[in-house]
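Can you keep this structure in mind? I'll have questions shortly.
Lettered A, B, C and D in written order, each chain numbered from 1.
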Amino acid sequence: MTTAVVVFPGSNCEHDVVYALESVGGSAELVWHRETDLSAFDSVVLPGGFAHGDYLRTGAIARFSPVMDEVARLAADGHPVLGICNGFQILCEAGLLPGVLLQNRDLTFICRPVHLRVESTASILTRSATVGEVLEIPLNSYEGNYTADDETLAASADQIMLRYCASDGTVADAHNPNGSSDHIAAIANRAGNVAGIMPHPERAIEDLLGSSDGRILLESFVASVGAVHA
Amino acid sequence: MTEPTKVTVVVRRRPSIADPQGATVTRALRDLGYTVDGVRIDKIITLTVDGAGDVTQQVTEMCERLLANPVMEDYEIRIGS
Amino acid sequence: MTEPTKVTVVVRRRPSIADPQGATVTRALRDLGYTVDGVRIDKIITLTVDGAGDVTQQVTEMCERLLANPVMEDYEIRIGS
Amino acid sequence: MPETAPLHRALGMTDEEFEDVCDILGRPPSNAELAMYSVMWSEHCSYKSSRAHLGRFPTEAPWVVVGPGENAGVVDLGDGWLAALRIESHNHPSFVEPYQGAATGVGGILRDVFTMGARPIALWDQIRFGSLDEPRNRYLFSGVVAGIAGYGNAVGVPTVGGEVVFEECYSGNPLVNVMCLGILRRDQLVLGTAGRPGSVAVLLGASTGRDGIGGASVLASASFDEESGAKRPSVQVGDPFEEKKLIEACLELYQHGLVVGVQDLGAAGLSCATSEPAARAGMGMDVDLDRVHVREAAMTAPELLMSESQERMMAFVDPAKVDAVLAVAAKWEVDASVVGEVKAGGTLTVRHDGKVVAEIPAASLSENAPVYHRPSGEPFWLEDLWTNTLEYLQSPDVGAALLQMLDDPSIGDPSWAYEQYDHMLFLNTVVGPGHDGSLLRIKGTSKGLAVSTDGNGRHCYLDPRRGGARLVFEAALNVAMTGARPLAVVDNLNFGNPEKSEVMWQLIETIEGISEACESLDIPVIGGNVSLYNETDGQDIYPTPVVGLLGMADPIPESPPRLDRATAGMEVWMLGPRHSRNLAGSAFEKVVKGHVGGRPDAPDATMARAVMELATTLAADDLAPAMHDISDGGFAVALAEICIASGIGATVAFTSWIGLFAENPHRFVAAVRPEDADRVAALADDAGVSVSRLGTFGGEALVLDNQGPEATSISVADLADTWRNAIRRRMHVS
């Protein structure tokens, strides 16, 4: 079946995501944010960008887009739902993932490759990866600073899928680009079918462009399509 | 049909949640030689609500749904300018 | 050595200057079914000023130099919380 | 006193210009008409001081589809693909408000490109400031970079290259130039024409407010009190979100063939967007200002006509297609209003509150604009400058000098800036920031587009003609080093006050130099921009032309050269003229000796072409995994930058220390695999380019050895640390 890639006004990574999903064997279609019926799809990606200009709070306005009821339904039914960068922010605002994303610690936009350590394979984003494996994937955000209070962090410890790290896998403040709590770069819901990732796996699918490490994550997603995680 | 009402909403990030912007501005002000502390930068939203119904209740709803993020922010509503 | 003083500064973009954020939020609130108008989102800065000297004058200086952008914003200082 | 001063002067119009308007109309203009002429005849819109000289540029080539004059130049890439390119400056607004000034500069250049029917795929920024030791300059620098990032990233167009330079002369007058590249299919090309009588003018995008019309205040009915001043902001705020929707809406309009022509609204807003397309089509137009969607109430006709509100486009539409156009706008949540109708006969008629407020020949606003032949003359101080050279009685500490140059923010790592820019969106960036030319692939084709933007105010100050020409050759070499061949040039001429004869001379000489270089390489100039009056307290900036050069590699190299591809065992080669001894205008003299004087060498067009073609071959056949042109800082800095990027040392022999730092043109450093050495040597020989095999990559230090006291060795770690922090430490980050 086909993955719906939602286009909000202000999204800008939608074409890249379709291209990347197809390059790992998936099939994807763009869907406008006013769509109210996703019954033709069994998985969805909220791509990166600046939905509604990121005005007020990133993701705050987008979560009210008509399509979001269907996204919530797919999530509840255990279908794969992935938010990348701005999509991650939207899933948090919509309450489908814990926590929020705040401005980067240094208050500057960051666009550069970062290293990520796979912490768990219990999600549609990491199931084909190996725990401990280190991936090099571009980060591209101003509000990439994952933040949650201590209870939330404690409660969702085993939902952390990726952490920022050094090239050798060391996790430490020095290798945390944006100040994220617990160095979190990607997190999933309990069931593992809803995941949010701040860096852009779709930007790391060809060596010509610098790295192919993102493929394993997108392959995980594509492999999860069809399977229902309840 | 009621009169348009001016409303002010102050949206504050919970003290428990880091405020990188406030921290940066504190540093900057100290660099400029001021002895300041605990700078926080929050949002003040002004709008006019028109139409029938209880304004306070309407604005509370707007805050709960859109203007504030309950996970990290508190809000405070002032009716009338 | 004076007491630390709590200060509140409201920094507002001049009404004549475009405010895309306010316009976007107005549209969003209307989509949610509220009859609102002229939403503007500005900054409210709170800080404590410690140390000697005329606080109002110090804070005015901070606004001119750092907290506000004189070419497009106006500010309003309130001393004491 | 404004009340008594003639309105036209208050609007910056000379008495002569005012007389011309009266002659054209056969009567004195109305306020609305005066407003239109004043903005359209401004230096910014009419190029009245430079136009007489811009004709010098060579603009013809078989592959040129659209040359200078339209919103952007367009070239043919083959297989039905076209590329649109344009560069624009936003110097003065960025000085007033760096974030918004730079942001709206990006918005403006994007509109110039998607007006042509192209999807913007990349941006480049050329930014210049005074010393970072001054807080004001740090504020301007960080504000401009944040503004470019804030707008470019949000609108969704990657910024893949540029240049950051710091020189005292830009302290009171930073330069912010941005360039945009777009691609399109041939059948989607759209021009800024109003089309046939009956075509309807549809205004798309942001609502119109009193933006950028300070001058119009004297025309407004309102009194001259405080509050009316506040009503007319000079700072404009960009809205990348609106622009993003506008881009998508316009591209959909083109795709469905719904428009006859399109014109963006920039400076001179509605005045320009109505009169120019009408003039291009030999038509007139009826415009109804009451139908313009506005942000503020009670705007006067002059205000509506002069407003520079951002993110607006004018589409000219066949009446039968208006509903379809409005539907597309609605889908993308873009406001649209029908504001006019095209008429035969060439008269532009503007109505407001139901009354006719302007009735003028549409063409007169552009075609009758004044053209000035301002006096020009060689600066009296030039001879002194040329003879003001340094005599070197003893050689410097080579290692210390190198480190000092790597610590110079103009040479050091610019990633503090470009890591704030999304430079990867669209998955096309094969070679991005951090190298010489940028290389972008066009998905679904074998083609790659290469771009380099270059400027060098110091060289142009010392010799504008040589300096201007050398920029073209440097850009062409940078592009060649990605495996591409040059196609077209756009230029941005940043100069001082044209009312000074020496500034006019600099402008004319620069145009001559750029033109000669382009002619010698058969590269057409397809567009550009002129920014004059860049001065503070009567002090002009260095004459600072910026050249943007577009090339194409087909097929795109599978592994193009990169600064980070040198590995142990590869040989260090210098290709190009030997025995370079001229330090005039070099980073060495500026940074190490605090001296700017002498006369840079003239370029050599024949050698330029030979070196360029050699570089293209080496890149295309992967015969030089790492290449770097020799520009700022000379051979030593170029080699150091390769060592830093590749994380490897090198040991090279040198004869004269001056040769390490000279910036003579047409030279590049290459890392060559031993097994390819003979082939590279043979290719160079055929091309008539001399090679110097100077040493080998390897180890952890850069060793420069002349068997004498100047010999030095510096660990790559130290080189990297110094280079990496040149800007960061001054911006107080690590």
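We take it that a contact is a pair of C-beta atoms (placed from the backbone, for glycine too) under 8 Å apart; a residue touches a chain by one contact, two chains touch by 3 or more.
What you are looking at is a predicted structure, and each value in this text was computed from that prediction instead of being measured.
Engineer: Comparing the two chain pairs, does A-B have more C-beta contacts than A-D, or is it the other way round?
Structural biologist: It is A-D, judged by the count of C-beta pairs in contact.
Engineer: What chain lies farthest away from chain D once each centre is taken as the mean of the Cα atoms?
Structural biologist: With centres defined by C-alpha atoms, farthest from chain D sits B.
Engineer: Report the inter-centroid distance (CA atoms only) between chain C and chain D in whole Å.
Structural biologist: So the centroids are 36 Å from each other.
Engineer: Quick one: report the Å distance separating chain A from chain B, using the average Cα coordinate of each chain.
Structural biologist: Chain centroid spacing, chain A to chain B, equals 29 Å.
Engineer: Need the CA-centroid distance for the pair chain B / chain D, whole Å please.
Structural biologist: 41
Engineer: Taking each residue of chain B in turn, which ones touch at least two of the other chains?
Structural biologist: Those would be 65-67.
Engineer: I need the residues of chain D touching at least two other chains; which ones are they?
Structural biologist: If we look for residues of chain D contacting two or more partner chains, we find 239, 241-242.
Engineer: What are the residue numbers in chain A that touch two or more other chains?
Structural biologist: 52-53, 55-56, 61, 64, 106
Engineer: According to the definition of touch, which chains form touching pairs?
Structural biologist: Pairs flagged as touching, ordered by label: A-B, A-C, A-D, B-C, C-D.
Engineer: Under the stated contact criterion, what part of chain D meets chain C in this complex?
Structural biologist: So the residues of chain D in touch with chain C come to 96-97, 100, 206, 209-211, 230-237, 239, 241-242, 295-296, 309-310.
Engineer: Spell out the part of chain A that touches chain C in their complex, as residue ranges.
Structural biologist: The contact residues of chain A facing chain C are 52-53, 55-56, 61, 64.
Engineer: Which of the residues in chain B end up touching chain A in this complex?
Structural biologist: Within the complex, chain B touches chain A at residues 16-18, 20-21, 24, 65-67, 69, 71-72.
Engineer: In the complex, go through chain B and note every residue touching chain C.
Structural biologist: 4, 10, 25-26, 28-29, 32, 34-51, 58, 62, 65-67
Engineer: Give every residue of chain A touching chain B within the complex, in rising order.
Structural biologist: For chain A paired with chain B, touching residues are 56-57, 60-61, 64, 92-93, 99-100, 102-107, 145, 147-149, 179.
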